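Letters A, B and C mark the chains in the order given here, with residues in each chain numbered from 1 onward.
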């Protein structure tokens, strides 16, 4: 039937786009953390310059979702997919924004002497990246079980954040000279923790899409 | 000095009335048990079992030839007029099996009204069309009461204001949408309890269709309505529960909301998403 | 192609017009009021076809009273009630009856009615015409009833009407214009019949006084005058032909007018 062939093509194209956006978010986070830990300002600037394209991609996805709903009246599984993508795109875009914030922090920190405490953040960022990749994989294969697993691992990021928070506050009190830099690092940690929360949102959308179950706010 | 303001009360939208859905506490109006139907040797319906609660709208959907119209017509025994048909199983309306021997079919059809796909007004005046059922069932002897019933039926069918000045003119002078509403008024005049509608809007333009759909929405306060439609969006707009038929079998019955967001059966989902049919 | 069909149309309509105008031309000379109301008189004394006109009308009335109800009932039976082999047999017989030569019908009624009664009669003439009328009316009635859309039947049944009520109250009224047309056309047809009347109504030179007596009719009178040796009577035959033609045309045209679409 012609009608559903067009719909299938459009759904495929939408899936490709949102996975591309996911890839962009992943890459932005990866490179921002690289810029921070390797003190590479060029990479940081690349992340910032690239953000416009990421925003543009989100707008396109948004528009395509509305078109599909208006013109194709998707139902059941297809409808849940399109709605989930429409909600997921802004989340991915915000992850990329947080990565940009991390890149800006890196630029600032790179103008100042190195701090040893950056290492904890690497652990957090590895975890966040891992979660993001796993969430995108779960979305691609509509795997609700894997998605739920990823949600569970958000607690680790929160624990790491708390730990880092206390460490940095301690440092700010004991070594006031590095307070500004410690504060910037604290914000980076906060961004990473927020990214963890966003990845949780993505997993909740995946569960809805696969099982029609609302697990938000549970 | 700061002015004391009272925070405005936020009105949350009313929750969809879920209380009249299947498996809840409302009364069952029609109950079908293991219904099999044959046109001669060919079996058209296979073991259909279904419950229809009262005062809801139930939609029958499915591809052409799936048996939904045939099944609809078993509910008021309209299939009796087709030669060589056979029914096996029970159809209970208000706990009475309508296929039991000795059932008064005329009385059944007074209780279970029907509106057809193509409007079929009689070549008589508008008034005589609506009054026909009242006259043959001798529902009233007084002509003023008759006129009153006709007026009420036309109002219930949202047609009164358009025809009140020309009740004596021919029914065939009305537009397609008006004729269909006239047929609905004609069916409503004898105050049935169940209203069966076989694709009532399929021959109408979108505006006339939406008038009929609004009408159904109002009617369900008083009547149990079963509507066969091949238009899934219409089923989604109009019904509380939906039943999906395929090749003479009942595949799934569910609340309309669930049917169109997360149906239980894969076949249902394939049909609804347009993968076949 | 269009030119060819136009030409054929002109030929057909032209032929009809030629016939009509020739008859009119031949007959108009002898047509006057006296002619229309007087009864036949011996040659040379004038006379008219008054009794023949009246006779034809009487015969039409008798045959309609007998033939229309019977014919319509058979039509209703074939369309609405009859199913299966018996109805098929009835339909076959009705079709066969439409093809029987009218003179055969006349001879039959002669044997069955005239001989036992020992005299010709208007009644026998009416019966003969009715026997010709019944199969025609039955078939047209059946066809008209069949044309009523099935959806009307279903609509009435769904309102709780029993089958007989549906037939009487909805189907027959809906087909009424068609049935009426069929009836009137059958009447127009039999008003032109001559042969069956020869052995049944026989003919008369007087105004009718009872149905048990022979009665004159336009067609028989035309026949009698046309084969006579007198020119005066030939002229009267032409005039009578004109009158008959006007009568038949009048019935046809008024049928069309009366049954024009209103509902």
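Everything below uses one rule, namely that a residue touches a chain if its C-beta (ideal position, glycine included) is under 8 Å from a C-beta of that chain, and two chains touch if they have at least 3 such contacts.
If you're wondering where the values come from, they're calculated on a predicted model, not measured in any experiment.
**Q** Hop distance check: chain A to chain B, minimum number of steps through touching chains?
**A** 1
**Q** Where centres are the averaged C-alpha coordinates, which chain has the largest centre distance to chain C?
**A** When every chain centre is compared against chain C, the largest gap points to A.
**Q** Taking each chain's centre as the average of its Cα atoms, which chain lies closest to the overall Cα centroid?
**A** If we average C-alpha coordinates per chain, B lands closest to the whole-structure average.
**Q** Between chain B and chain C, tell me the centre distance in angstrom, where each centre is the average of that chain's C-alpha atoms.
**A** 51
**Q** Report the inter-centroid distance (CA atoms only) between chain A and chain C in whole Å.
**A** 95
**Q** In their shared complex, at which residues does chain B touch chain C?
**A** 76, 78, 81, 83, 106-110, 113-114, 116, 118, 120-124, 132-133, 136-137, 170, 172, 183, 186-187, 190
**Q** If we count contacts the way the header does, which residues on chain C are in touch with chain B in the complex?
**A** 83, 149, 151-162, 165, 169-170, 173-174, 262-263
**Q** Could you pull out which chain A residues touch chain B in their complex?
**A** So the residues of chain A touching chain B come out as 1, 3-4, 7, 73-80, 212.
**Q** Please output the residues of chain B touching chain A within their complex, sorted ascending.
**A** Listed in rising order, the residues are 232-233, 236, 260-263, 269, 272-276.
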